[in-house]
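There's a structure below that I have some questions on.
Labels A, B, C and D are assigned to the chains in the order they are written; within every chain, residues are numbered from 1.
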Amino acid sequence: MTDPRAILLVKCPDRPGIVAAISSFLFRHGANITDFDQHTSEEDTGVYFTRLEFQTGKLDLPLDDLKHAFSLDVARPFAMEWRLTLSSDRKRIAVLVSKHDHALLELLWTWKRGDLRADVVQVISNHPDLRQAVEGFGVPFVHVPNSKEQRDGAEARMTELLDGKADLVVLARYMQIVSPAFVSRWPRRIINIHHSFLPAFVGADPYRQAYERGVKVVGATAHYVTAELDAGPIIDQDVARVSHRDSVDDLKHLGRDLERRVLARAVRWDCEDRVIVHGNKTVVFA
Amino acid sequence: MTDPRAILLVKCPDRPGIVAAISSFLFRHGANITDFDQHTSEEDTGVYFTRLEFQTGKLDLPLDDLKHAFSLDVARPFAMEWRLTLSSDRKRIAVLVSKHDHALLELLWTWKRGDLRADVVQVISNHPDLRQAVEGFGVPFVHVPNSKEQRDGAEARMTELLDGKADLVVLARYMQIVSPAFVSRWPRRIINIHHSFLPAFVGADPYRQAYERGVKVVGATAHYVTAELDAGPIIDQDVARVSHRDSVDDLKHLGRDLERRVLARAVRWDCEDRVIVHGNKTVVFA
Amino acid sequence: MTDPRAILLVKCPDRPGIVAAISSFLFRHGANITDFDQHTSEEDTGVYFTRLEFQTGKLDLPLDDLKHAFSLDVARPFAMEWRLTLSSDRKRIAVLVSKHDHALLELLWTWKRGDLRADVVQVISNHPDLRQAVEGFGVPFVHVPNSKEQRDGAEARMTELLDGKADLVVLARYMQIVSPAFVSRWPRRIINIHHSFLPAFVGADPYRQAYERGVKVVGATAHYVTAELDAGPIIDQDVARVSHRDSVDDLKHLGRDLERRVLARAVRWDCEDRVIVHGNKTVVFA
Amino acid sequence: MTDPRAILLVKCPDRPGIVAAISSFLFRHGANITDFDQHTSEEDTGVYFTRLEFQTGKLDLPLDDLKHAFSLDVARPFAMEWRLTLSSDRKRIAVLVSKHDHALLELLWTWKRGDLRADVVQVISNHPDLRQAVEGFGVPFVHVPNSKEQRDGAEARMTELLDGKADLVVLARYMQIVSPAFVSRWPRRIINIHHSFLPAFVGADPYRQAYERGVKVVGATAHYVTAELDAGPIIDQDVARVSHRDSVDDLKHLGRDLERRVLARAVRWDCEDRVIVHGNKTVVFA
């Protein structure tokens, strides 16, 4: 049985000496760095981002003490926002879904197969249809009817179900608007899959919009949800070629493959602490 | 030396018997069909599109007589819009360009290498920079200064240069707006390359827009130019993955490859009579 | 409720008049052609392939009589190999699988969702592991132990299970060699997914071979099984980019997505009568 | 005018403290690290690879002294193979070519446009055909006839032309075998473009081989040349989908786009010191 690796995510103002400070600190405390990725944004006055993984088997301090020492020795002098987790930590994922099952099932199978560093702990839907499929995976399913009129009540009920019980909320083709108030409870912790290559075809029925515009590629976009609809930081996108032969239904069919693949990838990256949000953009250390 | 093939493009209201009528007519007159592609639009009440190629070596009539017979026997009863050309016919292409040379050079090489069923007969630019490169290919280069203030004069000059002398006008990163009046002289005969996957990032500086939105794919779109900017029928699109590491300049660099490839493909398809415009969309028999 | 469409697949020596003969015949009998695709091979002395779909609602003959008439009027004079089916016909698919579930599950979901013009009627495995997953879809699961020593018995048992009960046999990562004798019972009716872009990495453990060769793309290939291992006619292939960062396990992980997508597409095309085998190659009217 | 950046490439046995040693050394001497990429191979007993870029404007030592200090303080204790260059250094590229111009022209245009951190200093061909095209770029062209019989003389002549005058030799569709003796003079400094996705279709006429096997993707591979034909370390590969409609000529046509793109990318990566060869594989910090 091997020791878990630790993952360190850092964002701070760029200046000389950051790499030396981090790596010397870790070396002093017995950590062997196995992965090191960094990025310096050239916008603004320079922002430094890094993600690194290190072995924890020979640390000279318990992890909590190491965190404390890191905070004092490194993070504070460099004004870092940072986060240190273990590869054995598992986020708790709640999925919100309506009637389409493809994106949900992809997550459930990926999880079941052991390919997700997280657990799907709950599925909430505004329709009862997918109960059996979900419960077959041993995951609780809750039906919370939702519509324009009953939104407040529905969101109150969902908040009650989720608060303190989920670390990440995934909208796997949840066909209801979520209110800014709801979103604000989960900053950068709600991931949505939009069925177009945003910013094209914002809003309802993007495949029909795509069909009517006569585009030759369709796409899907996974993004963090913000108060503004379809405008949050993009985590991943992918596209497929289409032609005049493809009807709206064909686009939907093709799009399902894109949606489930893009969403699963984005959720996996989030759960492995590979994503840093900066402004309305993401740095993805994939 | 082999006889040229003929290419027949047809658009008409859908109804039974079209294939039988066309193919029986051609068989009767000694034509052997080597390619047959068709599409029926399910929008409206049904529109039938077809493109076919046939050998002309054993025709029992001269081509002009065959056209006349086709018009009477087939096209009229089925209310067809149609067009019959030979694979030996070559469109005359005029290219409008500014300072970026990549899309232009791709067309010139493709032509030079014998891969374009057309001839580049003229290059017009609002800058003098590319004269030497163009003339090196033996193609006339005309510098027609253009700007918001002098647009009318510039377009009058270009019209004079183009009228009756070009069959297709290609905007290979021509960084000036062309007026609706100019466009209307060349219906469905002006192809533009836009440096985004339309309809995303309409208008100026799409790579900067893409950078600022933080997208994970960038693209390019070749389309026929209509009076409404960036809204004409799309012929082809392609995309490439990008990441947070890519600066605006990186996107431009990557985009150049997309632009030249997509534009060259669209021009080739147009020159081989593979594109039918219907409403604001295209049927591409590629 | 709409009438089913008919699908006609034809292969014959190329000569003038084929399109006219087929389309006139269909028009005379009240069929409206909705899709028409053809290909002429330039190898040998020319082979003509076509696939077309037509509406059956206004046929003047019952389908069996139409087939009989087609045989006499068209197929015989042109020496056609042909096949006429209805879009309402559904092939019976048997899946052979070992322990990997991804390719199997993709087929089962696709079928469950109604996207496959076929029925999965049986799953046979040389391991008992996937029984529960399969039976959850309401599909019978049979465990037939197999290994080099017991191959004859295992294949006899499988033949008994399959003969007359399946139209298509899909090897969804079935990790046993099937004998030439078994293959010969199902000519062009066994589809296998090989986990490399054939002809690269024939044989065992292709991901390890790919890793050791240091390739920058990995792939998957769906093909009809012939007596010669990994050498049958290819139906579809796809690839994904990889880098030095990817371990053998990463390649397997990535490859799973390729395998299930490529296999599902190949099976769908076969079930919709879109594939004609010619020599050791396929014509795919996708 | 900004100072050039320095690029450091390192390969050494993996052990704790490497990052700390490098980054502390650089920080002490006034270097600000702008890019840092690393990889640890899990094969063997662990090999550590890194590429980093740093600003040189505030170094406290001249570059040669810095190299000397690095050698003593860091490289020796960690048993590093290393290389330190400036972004202003430009490799001298010699291109060997036969009659196909596409891969050569792509390099020449990329260079002309300023997108290559290198200079094309010489083109050698076994045919005289491309002289004019090459000389139009102001690059010397030398015709060195070559064939099986005259190989020794031809290679002697080329060696004379290249020795001490080129840092990188690019085979841009050079259709002659080069001898092991010639290859051994340029270890890891000859890049070839092979027109298939190796290891498929080794040897002559890969497009015909691909056509005859009936594959659904074709590809191109850029690799360092070693004594064994088509078996050297792969730098980059790419593929395109094809179908039964594509003749051998169509594959060649499509392949040209792949070849020039893949080769240009591989050459760019080599010139920017992004490639480390390890055994028969490459680590590419792209």
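Basically, a contact is a pair of C-beta atoms (placed from the backbone, for glycine too) under 8 Å apart; a residue touches a chain by one contact, two chains touch by 3 or more.
Note that the coordinates shown come from a computational prediction; the quantities given were computed from them, not determined experimentally.
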Least step count from chain B to chain C, where 1 means the two chains touch: 1
Identity of the chain that, by mean CA position, is farthest from chain A: B
Centroid distance [mean C-alpha coordinates] between chain C and chain A, Å: 37
Averaged-CA centre spacing for the pair chain B and chain A, given as whole angstrom: 41
Junction residues of chain C, two or more chains touched: none
Of all residues in chain B, those that touch chain A in their complex: 39, 41-42, 197-201, 213-217, 219, 233-239, 243-245, 247, 280-284, 286
Residues of chain D that touch chain A when the two form their complex: 15-20, 23-24, 26-27, 30-38, 40
Residues of chain D that touch chain B when the two form their complex: 101-102, 105, 109, 113, 115, 136, 253, 257, 261
